[in-house]
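Supplied in structure tokens, the structure appears directly below.
Chain nomenclature is as follows: A, B and C, assigned in order of appearance, with residue numbering initiated at 1 for each chain independently.
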Amino acid sequence: MNSLLTAVLYPLDLAGIFAFALSGALLAVRKDFDFFGTLLLAEAAGTGGGLFRDLVLSLPPVAFTDTGYCLVPLVAAVVVFVVRPTRHLISATTLCDAGALGMFSVTGTVKALEHGSSPLPAVALGVTTAVGGGLACGVLAGEIPAVLRWDQDLYVLPALVGAGATAALDAAGRLDVAGAVCAAALALALRICALLRGWRTPRSALWKRYAQTAEARSTAPGHWTSTSSH
Amino acid sequence: MNSLLTAVLYPLDLAGIFAFALSGALLAVRKDFDFFGTLLLAEAAGTGGGLFRDLVLSLPPVAFTDTGYCLVPLVAAVVVFVVRPTRHLISATTLCDAGALGMFSVTGTVKALEHGSSPLPAVALGVTTAVGGGLACGVLAGEIPAVLRWDQDLYVLPALVGAGATAALDAAGRLDVAGAVCAAALALALRICALLRGWRTPRSALWKRYAQTAEARSTAPGHWTSTSSH
Amino acid sequence: MNSLLTAVLYPLDLAGIFAFALSGALLAVRKDFDFFGTLLLAEAAGTGGGLFRDLVLSLPPVAFTDTGYCLVPLVAAVVVFVVRPTRHLISATTLCDAGALGMFSVTGTVKALEHGSSPLPAVALGVTTAVGGGLACGVLAGEIPAVLRWDQDLYVLPALVGAGATAALDAAGRLDVAGAVCAAALALALRICALLRGWRTPRSALWKRYAQTAEARSTAPGHWTSTSSH
């Protein structure tokens, strides 16, 4: 049973890494990186989150112990570098990235729980596994990582839901394969809804105030209005 | 005695993390991050330096083993995100950040010395504990970290003084609670003086030359002067 | 023999770190960092790649266990901060940086192989040792790291050649001092050729298309042409 589970999990892991690596490679070519820059971003996106988690758990990072984890981002980098990205490829990548987000938020949390983490830090590590690669990519590409910005659809919250559901099931003694799949599916569904409906968190109180001030100035009768209150 | 010391140190640790996390959260809302981006920056600021130190010392990172260390930045993020930051909050945060700087430069050095580091690397790790979070924040926020820039008041030097004093006391066999408190107070005092008096390091020889060239051109009689010599 | 080898390798290591640290310090003064910012970038450039490799291999990072590794970047930072960089210093730094690139791509791979890495991850770690410091510097300086950009001469490929040659020799059972020196020399030669001849990787398919579209528009007869197709 365990070997069957591993036989299913390993290809899924590689598929998830491939999805993340595609996202990283797409960002790299958009920024006009050379091939090796594209490869570095694909590796960072595909394995960065898991690498951080393994370092924190004092485990040998799978990204540097398993050859498959090294090679899959290479394939993604070659595909994106050589084939001009089309809208279909970008849409497919976004969808697969959402699937990988759900999966890694669960597997990252499970790995942390298995190695003795208490629930809250395990959830933090599950979220990090899911979003860490995107953070690393954004930083290397000289951008504010999309997962942090207010004007981007929810990304961290779906990962948090997946990781939190996993930790809750584990605390209730009900974490099995079916439960893990449900938690991942929940995260995936939330991410897809966020993409389709443009869901975001409420804006900070500071920027709500900026927006109100700018709006008041723009409707003030007969006065010079400034568009920037920052 | 030891349990009393721990009973005092743990709340102080959390207070210091809270101060750093406030700084990180303030930067995040200034950059219009969403709530989870603000939370990530608060966590990075509050625990980033200690996390790096623990990884280098091959210790389980307290940021992921102690629930308090996870939760305190969450509180800071909620406060800053929900309550519009006022000048008083920002000033109070700057002052508390200076206190945390002094404290962590000492406790970081002590932890490194206790785990077998020689004095110079221990000082490096003490400084990293104190400034690492700010570095991580600046990078995630897409800015050059303030601690690196010439046009910002001294930040690394107070940490270096606190860490260096700690290592010196330890080498002299005189490192006790009173000595540690004095070293932290020295770092805090130096940081406050830097803030009040605008203390900075001298500028690099390269930029001193740029400034001289620009000044000479601006005073040249009857010639077109360029304001940029870079 | 082994002690003789160590007696040769240690000064070479320090020389390589000094070369990388000079590059980091030059970037820092160009960005108008203060002295401690320059020192931080020199340390990041000089020891960053090796630090990452040692963390992945679960080894005590030499950057924090050997005082020489701490002090050498300090010397580089002082030199660059106090002495206005001349064209000769910058050229000499670029050349020494190429030598360090070759050397560390080999020694990093050797260290990974000695600690049980399989060939492909060992090559990845060798490349990381050689380019990791430059990546860290670029990120801290708020720039896209030069090693990633298309408009910069080859940097990762020479490191990859050096690391790959080392792993290949090791797999063939022929990795000795002479072989290691040849692999490093090959990487150095490739980097120097890239610098002299402006060698770069081919551009991504996406940007080749952008360039073709822009060129077609600029030669279209009698039409308004836009210079930007991005």
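FYI, a residue touches a chain if its C-beta (ideal position, glycine included) is under 8 Å from a C-beta of that chain, and two chains touch if they have at least 3 such contacts.
Here the structure is a predicted model, which is why all the values come from computation and not from measurement.
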Contact-graph separation of subunit B and subunit C, given in steps at minimum: 1
Interface sides of subunit A and subunit C: same vs different residues, half threshold: different
Subunit A and subunit C: spacing of chain centres that average the CA atoms, whole Å: 28
Where subunit C touches two or more other chains, by residue: 55, 58, 139, 142
Subunit C-touching residues of subunit B, taken from the complex the two chains share: 55-56, 58, 117-118, 120-121, 124-125, 135, 139, 142-145, 147-152, 155-157, 160, 200-209
For the subunit B and subunit A complex, residues of the former touching the latter: 28-41, 43, 51, 55, 58, 60-61, 64-65, 67, 70-71, 80-85, 139-142
